[in-house]
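As written, the chain order gives the labels A, B, C and D, with residue 1 at the start of each chain.
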Amino acid sequence: MSTADLNTPIAQRIAASLARQGMMVHLDAKLLRVEKGEVEVALPFGDKVTQQQGGFHGGAIGALADIAGGYAGLTVLPEGMEIVTAEYKINFLSGHQEGELRAVGKVVKGGKRIVVTTVEVFHIDVQGKQSMCAVMQQTLVPVPQNY
Amino acid sequence: MSTADLNTPIAQRIAASLARQGMMVHLDAKLLRVEKGEVEVALPFGDKVTQQQGGFHGGAIGALADIAGGYAGLTVLPEGMEIVTAEYKINFLSGHQEGELRAVGKVVKGGKRIVVTTVEVFHIDVQGKQSMCAVMQQTLVPVPQNY
Amino acid sequence: MSTADLNTPIAQRIAASLARQGMMVHLDAKLLRVEKGEVEVALPFGDKVTQQQGGFHGGAIGALADIAGGYAGLTVLPEGMEIVTAEYKINFLSGHQEGELRAVGKVVKGGKRIVVTTVEVFHIDVQGKQSMCAVMQQTLVPVPQNY
Amino acid sequence: MSTADLNTPIAQRIAASLARQGMMVHLDAKLLRVEKGEVEVALPFGDKVTQQQGGFHGGAIGALADIAGGYAGLTVLPEGMEIVTAEYKINFLSGHQEGELRAVGKVVKGGKRIVVTTVEVFHIDVQGKQSMCAVMQQTLVPVPQNY
């Protein structure tokens, strides 16, 4: 990924939206990549994202996957539209500590009433080894932007 | 709810587990009620749980619902067993700001290999008015406790 | 349930729609009850609905639950609107042979863009004993009727 | 696909299981391809699989996707084990008439307690044109074979 990728209008719009998400700012989520129909975001490990066994919390994994899919959906909408998550379903595949999570959201179907995405969440350990962490299937609804 | 409700062994075990969840401690989640097959937890509004429009983030709603269902599942397990979330599906029904969220998880089926729960998430506004916020359906897997 | 319940305009509209569903006619699905926001349908056991172990096939359970939820959604729409299933998630709780299935669909949220339902599927054995068989959470989209 | 693909022991076991499924036999489902971790099945259009608008019924699409995923899961199990569907979630992407459906199930994670699959369902029209019809995410549970 070159820095240039995040200089497109849609990438800047997504970066601005992410900067408005108190929760994701708080968890240090980062926007990595924006293409038409595909967005990648990352979340570092830390005390703010753990569950009772010390690994990444399912809530953090779900939140990261949700924005990866939601922003992927945003890339296929016309101007002036915003997107909201109607629902998602997530399967947790394995637990992980340390390192970071990366979620890649992809649009499966972009429609006027409904946008469907799938999201894969990977864990990258401190040595850089990547493994599957979770998969999500998500339904988004385009709505007129109101802010 | 009387304070006594949280003095049972299972309630204390759940409280101790919740206190180990860095993410939920960080978000100020509170255990409200523990009965056999049913658990209620709460999450206050604040900067740490917002999305881009200033309402509760779907990730926070999902995380709260996940622990309500997971802890409800824990109440029906034999001693020495722990529970992990295999997957969940959540529908977001309406957006809310301020006030707090309350999630009530209920066991629909407790089995040896799989525990199924449903969770309802309500928003309580600052005047105390309650409205539906989200519904979840969740699959849990009992595993031997390892900590 | 009295016969009168199925003589309302909405019940007759649903009965007419069900009679147009080749698959459900073929499987002998029956409309049992129609109220505002709630619909009950039934499916008898037989060779056409079995899986490899001789019990009700998950596909038959899913199809029955899908129409219970979809028709429940139809009861809360304005005139001239039809409803389509965007997605559903179903948990199978226990296997059953003989007797019949009954699915009760309920609207959790009726909105302009999205209708959300939950569906419970029960098995009624030949002695009349009832047990939980499956639970579904479903997202529907209102669309203009085109037939 | 060569005929030989369906002559392996695992393909023959799956074909025998499918032949025991009254519902799928009735709907003329066919086994097309079996590889380790991946299975493809097909379903022809006809009166037995239609919904009220004359297209493939969601229940038929769901049933086909369910067995594609379930049999894919079976290919990664040890001898003597059978698999049951704990739950699935399916998004319907577009409606189709005539032609046939093909569902391709793939194992995302094969574990001792849980197997997770994703399934893509395609529609092939009478001219051979292929389009996406549905996507499923499914949780399976390995159990000892009892028949």
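One rule holds in what follows: a contact is a pair of C-beta atoms (placed from the backbone, for glycine too) under 8 Å apart; a residue touches a chain by one contact, two chains touch by 3 or more.
All values derive from a computational prediction rather than experimental measurement.
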Of B-C and A-B, whichever chain pair has more C-beta contact pairs: A-B
Maximum centroid distance from chain C, chain identifier (CA atoms): A
Separation of mean Cα positions, chain C and chain B [Å, integer]: 29
Mean-CA-position distance for chain C and chain A (Å): 34
Distance between the centres, which are taken as Cα means, of chain B and chain A, whole angstrom: 22
Sequence positions of chain B contacting 2 or more other chains: 86-87, 89, 91, 116, 137, 139
Complex contacts: residues of chain B adjacent to chain A: 17-18, 20-24, 26, 46-53, 57-60, 62-64, 66-67, 84-92, 95, 146-147
Of chain B, residues touching chain C in the complex: 89, 91, 93-94, 108-109, 116, 118, 132, 135-137, 139
In the complex with chain D, residue positions of chain B that touch it: 86-87, 89, 113-114, 116, 137, 139, 141, 143
